[in-house]
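Next come two complexes, and both contain chain A; in the first it sits with chain B, in the second with chain C.
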Partner chain A sequence: MSFFTEEQIYRYSRHIILPEVGGKGQKKLMEARVLLLGAGGLGSPAAIYLAAAGIGTIGIIDFDIVDMSNLQRQILHGVNDIGRLKAESAHDTIKSLNPDVKVELYKERLTSENIISIFKGYDIVVDGCDNFPTRYLVNDACIMTDKTNVHGSIFRFDGQVTVFKPKEGPCYRCLYPEPPPAGLVPSCQEAGVLGVLPGIIGTLQAVEVIKLILGIGKPLIGRLLLYNSLDTDFRQVKLRRDINCPVCGDNPTIKGLINYEEFCGVGRH
Partner chain B sequence: MAVRVRIPSPLQKLTNNQSEVTAHGKNVKEIFSDLEVQYPGIKNRLYDESGNLRRFINIYINDEDIRFLKNEESELKDGDSISIIPAIAGGGCVILHRRTDLQI
Partner chain C sequence: MITVRLFAIYRERAKREKIELDIKQDTQVGDLLEVVKNSVSSIRDLISEGKGMIAVNQEIANLDTLVRDGDEVALIPPVSGGTELVFT
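Moving on to the complex of A and B:
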């Protein structure tokens, strides 16, 4: 008996005819479990393309509610979703695109208490969250649970993408050992962001996820991709593992989760 | 030694909105001193109160992080390009704004 239904073979035919994917690769995608941190600017395009690609299980963690001002960039949601939980709106959009996808929702904040048990159930984490404490929390939890973190971040007209794979490359702390001090961090609303920018960066994250699942190409491990939309400039710089990194270095000093708000000196927003 | 320096968007207010400027010096330290002469205030954003480069900003010569070369003493060749790359957390939040900038 075939793993696929007739309909699935047709739905994924443009994948299956690619020798790099094939039926074998499509099966891998359909058996994969990917966790999206946030159903916002970055999570929206990532969720949509991963769902369309036939990822078997997509987890979404988001406690926020859809607001009119989100619609400028958060394409999972529409006018009729204003006031709904983003997680629920994301669920409906994904299901209407591809009912094959199993969607698991976590309508809560990611915290030191829940992160390890949530991460354990997934193969890959897609980090599209919007503050420094969570970035460090996610990084440390990924190291501790041995999960690959497909990282994307955006600011105004600039975006950054990389893949942090424990044991094979550097982690977020190797790249940025310390967060900016409190008071140097303006809120998202004050800084602004070009609406289509998360579309580019979140889509690049989806590409990296699919490559990792299929085991094809060259993942963005040890490389930071920088995109500037005003100059239409894509560049890469090298990232190296820091042997003195407190989490993934040769002699780690941080072996459990810490208080990340205190570490970053800022409250969540 | 003339090198090109890419300026991240939070600092472009100081460089008359230019995303790339030219500076002179034989190493990174000298380049930043020259930048301060041309665009006063920029050094404050790059260094902390103790005179160390801020740890949430990375400096690259071409595609190499200077922390894995000789830090600020890393030497430059004609035609090299320096990039100043801050940590960004967004969904869209960043850094390099002084507290006073936040009181809009």
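Moving on to the complex of A and C:
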């Protein structure tokens, strides 16, 4: 008996005819478990393309509610979703696009208490969160659970994408050992963001996820891709693992999760 | 000539994408950044405290890395933007 239904063979036919994907690759996609941190600007395009590609299970952690000002870039949600939980709105959009996808929702905050147990259930984490404490929390938890982190971040007209794969390349702390002081780098809410920018960065993240699952091409491990939308400029910087990194270095000093708000000098909300 | 290329908030604050410095002798990145701080005051605090990444000729570097005539130094800040996942 075939793994695929006839409808699935037809739905994924443009993948299956690619020698690099084929039926074997499509099966890998349909067996993969990908966790999206946030159903916002970066999570929206990533979720839509990963769902369309037939990723078997997509986890979404988000406890926020859809607001009118999100619709400029968060394409998972529509006018009728305003006031709903983003996680539930994302679930409905994904299911309407591809009912094959199993969607697992975490309508909660990501914390030091729940992160390890949530990450353990997935193969790949897609990080698109918006603050430094969470970036460091996600980084450290990925190292501790040996999960690959497909990282995307945006600021006004600029975006950054890279893949942090434990043991094979650097981690976030190898690039940025310490966060900037609170308030020095403004958030998107304060600084604004070109609405289509997370569309570019989030879809680049989706491509990296698919490559990692299929084991094809050269993933962005050890390379940081910098995109400037005003100049239409794509640049890459070669990265390397810092042997003195406190988390992924040869003699790590941070072996468990720490207080990330304190580390980033941020007060509690 | 050494080109210092500015990304994201560095670029926004300095209102330019690059700074060209006429430095002939080999210089450490740290010393070069002191020159930048003195000539472009709008990014002085970012260079001092911004915890940005430095790349020389598209490769991650540090304050001790030696740069020479014709090199390109990039100042790349950490960017946190994305989805609001309020942290507790």
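Just so we're on the same page, the second predicted complex is superposed on the first by the 264 of 269 C-alpha atoms of A that agree within 3 Å, B and C clash if a C-alpha of one lies under 4 Å from a C-alpha of the other, contacts with A are read in each partner's own complex, and residues count from 1 in each chain.
Assume a residue touches a chain if its C-beta (ideal position, glycine included) is under 8 Å from a C-beta of that chain, and two chains touch if they have at least 3 such contacts.
Quick caveat: nothing in here was measured; it's all calculated off a predicted structure.
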First, second, both or neither for A:137, with chain B first and chain C second: second
Which of chain B and chain C A:42 touches, first, second, both or neither: both
If touched residues of chain A are counted for chain B and for chain C, the larger one: C
Which superposed partner A:153 touches (first chain B, second chain C, both, neither): both
Touching partner for A:238 - first (chain B), second (chain C), both, neither: both
Partner chain in contact with A:61 - chain B first, chain C second, else both or neither: second
Touching partner for A:79 - first (chain B), second (chain C), both, neither: neither
Chain B versus chain C as contact partner of A:260, first or second or both or neither: second
Common interface positions of chain A, toward chain B and toward chain C: 38, 40-42, 128-132, 135, 153-156, 158, 160, 175-180, 184-188, 191, 193, 198, 224, 226, 228, 231, 235-240
For the chain A and chain B complex, residues of the former touching the latter: 38, 40-42, 128-132, 135, 153-158, 160, 175-180, 183-188, 190-193, 198, 224, 226, 228, 230-231, 235-240, 242
Chain A-touching residues of chain B, taken from the complex the two chains share: 8-10, 19, 54-56, 58, 60, 63-65, 67-68, 83, 85-99, 101-102, 104
Chain A residues touching chain C - in the complex, by the definition given at the top: 37-43, 61-64, 109-111, 127-135, 137, 152-156, 158-160, 175-181, 184-189, 191, 193, 198, 224, 226, 228, 231, 235-240, 260-261, 266, 268-269
In the complex with chain A, residue positions of chain C that touch it: 7-9, 11-12, 17, 45-46, 49-53, 55, 58-60, 74, 76-88
